[in-house]
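Below you'll find the structure I mean.
We call the chains A, B, C and D, going by the order they appear; numbering starts again at 1 in every chain.
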Amino acid sequence: MEFLTLQNAISEYVKDGDQVALEGFTHLIPFAAGHEIIRQGRRDLTLIRMTPDLIYDQMIGMGLARRLIFSWGGNPGVGSLHRFRDAVERGWPQPLEIVEHSHAAMANAYDAGAAGLPCAFFRGYRGSDLPSVNPDIRFVHCPFSGEELTCIPSLRPDVTIIHAQKADRAGNVLIEGIIGVQKEAVLAARRAVVTVEEIVDDFGPRSSNAVILPEWTLSAVVLAPNGAHPSYAHGYYSRDNAFYIAWDDIAREREKFQEWMRENVLR
Amino acid sequence: MEFLTLQNAISEYVKDGDQVALEGFTHLIPFAAGHEIIRQGRRDLTLIRMTPDLIYDQMIGMGLARRLIFSWGGNPGVGSLHRFRDAVERGWPQPLEIVEHSHAAMANAYDAGAAGLPCAFFRGYRGSDLPSVNPDIRFVHCPFSGEELTCIPSLRPDVTIIHAQKADRAGNVLIEGIIGVQKEAVLAARRAVVTVEEIVDDFGPRSSNAVILPEWTLSAVVLAPNGAHPSYAHGYYSRDNAFYIAWDDIAREREKFQEWMRENVLR
Amino acid sequence: MTYTPTEMMTVAAARALKNEDVCFVGIGLPSAACNLARLTHAPRIKLIYESGTLGTKPEVLPLSIGDGELCETALTTVSVPEIFRYWLQGGRISVGFLGGAQVDRFANLNSTVIGPYAKPKVRLPGSGGATEIATGCGQIFIIMRQGARSFVKQLDFLTSLGHGRTGRERRDLGFKTKGPALLVSDLCILRPDPETSEMMVTSLHPGISREQVVEATGWPMRFAEEVTETVPPGKDELEVLRDLLARTAKAHGSAEGHE
Amino acid sequence: MTYTPTEMMTVAAARALKNEDVCFVGIGLPSAACNLARLTHAPRIKLIYESGTLGTKPEVLPLSIGDGELCETALTTVSVPEIFRYWLQGGRISVGFLGGAQVDRFANLNSTVIGPYAKPKVRLPGSGGATEIATGCGQIFIIMRQGARSFVKQLDFLTSLGHGRTGRERRDLGFKTKGPALLVSDLCILRPDPETSEMMVTSLHPGISREQVVEATGWPMRFAEEVTETVPPGKDELEVLRDLLARTAKAHGSAEGHE
């Protein structure tokens, strides 16, 4: 683990063509890191996220993504992700290949990746049309009960990036609140970058079962206060729901979206 | 969930012939509950525990067990479990059928049971003689990579009993420290009984990710202070290591063992 | 006391929930219905959101499935893999709430695409938790606005299994869970025919005619032998619901809050 | 400064550990060796016990794998399924320490039974974590007292794979992990022949003759071309080890503490 600036962490650990997972289930979405990837103009990325959310709507709209592995592509409680739709429906700014799963499947695939397994076994997809559009969904039989179980490849991103509340001076990272799939996404990845709200001398008194990622599981830790906004950081700031609602209008038209990105991300 | 006395909880939820799991990985071993099962003279039990420990040494020596599913049958840091050895080596007080696993296998089997799956898939046992003595160990291939993976039936005990630090008035249970496989063992079981050190009005301020079993996952909660001794309860009392050492001598001879049980458990 | 069709729909769904239920809650109308039940006749109902919050008691409705409010008011919060593995797949959920862009007569749901999958006219968000909620929960309640474009003869895509395209697939696949047991729209209440599993109108909301329902349905809608009239929202139900939505709108700085 | 064979063995094992190592520690001698390394030349070594404690720094050695001390001094403590799934199987451990009742020339281990499995002369505790530690860690260090009854020609039972019964099985099974790279006894240090994977004596502890080693081995022991003499325990190493064991014995109320 090394402490880096956001710029250096992204340039060192995110390469063109990488399979990139920016995780955070509504909570702790690493927007600052995503924006830095956009500024550095990475290309041909395979983006992995259960809920692409606004951050991938922005990355897709800016033409960074060749492929998307996801399970729910909406603006939570608001409606569509217009840039995602434009890419899938009209191939703008470039065609987007999609690998579509359910939440249960993605969660199991990260879990299997963290567990070092080549695939995940669960009970899913039966009776749905999704297996007919995703060749990665197979079915196997339990050798004891004969029951048909679902099998999908585990997720092993080239790099996972998450945002967390705290790192200590050694680079260990503490996550609290809605922890989502962050731990699994980090442990499943070849490289892991964590942006944090603050760096403290010591986590101090805490639950003996606190969710902590040891520094030796991470590639880089980056101080990035407010790095999850407009998502939120439990204990620091709350979700900017008004912005999520406003995004619907910002992203609806290509020009307005591009202008907003120029004004708010690129410069 | 209902609050019961230990006596009523055991008589209501533990039946002759049951598959019973008393879990707690060194920490929070439910000794008080095990002793009540002995006093109530249950028979033909299939005992499930990763580490049989002193509590199963006592239950086996008292003739309650027909079968044992386990992965490490020693007295931690001390040596043998003499009653377990006497049952396996000389069939005293009755023959004991053993189903032997590794820790990784048992942990995965509880995890699969909690996840409602018929079997667990993991990477294990390859190159070991254990599959030759345990027909429940099978091998399957990952449909994507072709890698050979291990498959064993999930554990689904008729009843799981654990000891925890606290219950609140609603019957929710909080576990802290070395949490072992308690949550999985409870969620994998048809019925679950939890003995606790104390019942509090409210857990109060706590980590948002505290390990808590909701009351609606439990059959009964029992107030049993000191209920883990000579094991320990993090935050209440520490492991009675001297007793674990003393047990080696108490359990070595049949008569001395029986006398100790009469004096300390049966009466 | 006057009320809107949405209010009728939300209240009718809330009434179907019991104190003993453990609910897997989606955002939007299901969240409103579940919390209305919790704040009225079912104070002991357990609400679980897929973000990992167990036994949550939000003061305001979440805009997203993972709002901080859900975690701060929960008994505890677990990881997302755990929610889907131990809690949903583990069979711990009694009622799952679903909706979608399209529903068919056997209560199968489409939340994936309008038009062909490869070249969609409208790309919808997709499954999220729905595909496994549909098969993993004890029973499914569906809450959807009714219209000829949403209640369709033929789904463009089957995202979440109801009773199957012919009404028999769920049984044939050997699921032990009930599947869709209730569909509440802004016009009426539907329940499955015990024989064919086709959804039938069992209750019409006050002032709604059979003709209106037939017109708003893309297949020849069936009516149960005995069709009752839905009890209109009570004063207390409406007050609690409106307070909840007002608190929510205020918190999210939007007119509609959860919509 | 005089020292015992056990002290020589513990010190020799400790020296093989580095600051960068992530160690899966068993109770007994491995725990003494790992903590001695941490308290001397490798303060940044990460110790993991199968009870779920990550990065633990015990003041006294645990009697059991799950003593409270391990949790109280850990960075954090996770569940046992997580330790075996995400951390061991996930490939996060660089060194695993093992021992057993019997070892053979290819460093396969028996901790299951003496005599036939169905009718054992001695029923040993069994695998515990050993079977998957043996294949899941980057490399394996074995620490065992040497004698004709423990260093055997033929294992009664193969609990944990070393290099395989013929020395080729591990490679043939396609494991990417190294397997047993070091065996430290109270008499000498053994390392595998790069060609055959047979364990060879590479260093004799001070005052130990080849004859003693041969006598204490159940197969014709091989010696490396160049056999060095093990550097005896230094004053500081012995002081730290003895303090640690004294603290431990005091804490556990026993003469030997971890033994």
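Here is the rule we go by: contacts are C-beta pairs under 8 Å (C-beta built on N, C-alpha and C of every residue); 3 or more make two chains touch, one makes a residue touch a chain.
All values derive from a computational prediction rather than experimental measurement.
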Other chains in touch with both chain C and chain D: A, B
Most remote chain relative to chain D, going by C-alpha centroids? C
Quick one: chain A and chain D, Cα centre-to-centre, how many Å? 40
Taking each chain's centre as the mean of its CA atoms, how far is chain B from chain D in angstrom? 27
Quick check: what residues of chain D touch more than one other chain, meaning two or more? 71, 77-78, 85, 89
Find every residue in chain B that makes contact with two or more other chains and list them. 115-117, 122-123, 177, 179, 183-184, 208-211, 234
Listing of all chain pairs that touch each other, if any do: A-B, A-C, A-D, B-C, B-D
Given the complex, residues on chain A that touch chain C span 25-27, 50-51, 70-74, 76-78, 80-81, 84-85, 88-89, 100-104, 107-108, 110-111, 122-130, 133, 177-181, 183-184, 232, 234, 238-239, 241-242, 244-245
Please name which positions on chain C make contact with chain A in the complex. 27-28, 50-53, 62-68, 70-71, 77-81, 83-85, 88-89, 112, 117, 120-132, 134-136, 157-161, 164, 169-170, 173, 175, 251-254, 258-259
Sites on chain C touched by chain B in the complex: 22, 46, 54-55, 71-72, 74-78, 85-86, 89-92
Touching chain C in the complex, chain B uses residues 114-117, 172, 183-184, 187, 208-212, 214, 216-217
Given the complex with chain B, which residues does chain A contribute to the contact? 115-119, 121-123, 136, 138, 140, 142-145, 147, 149, 151, 153, 176-177, 179, 206-211, 234
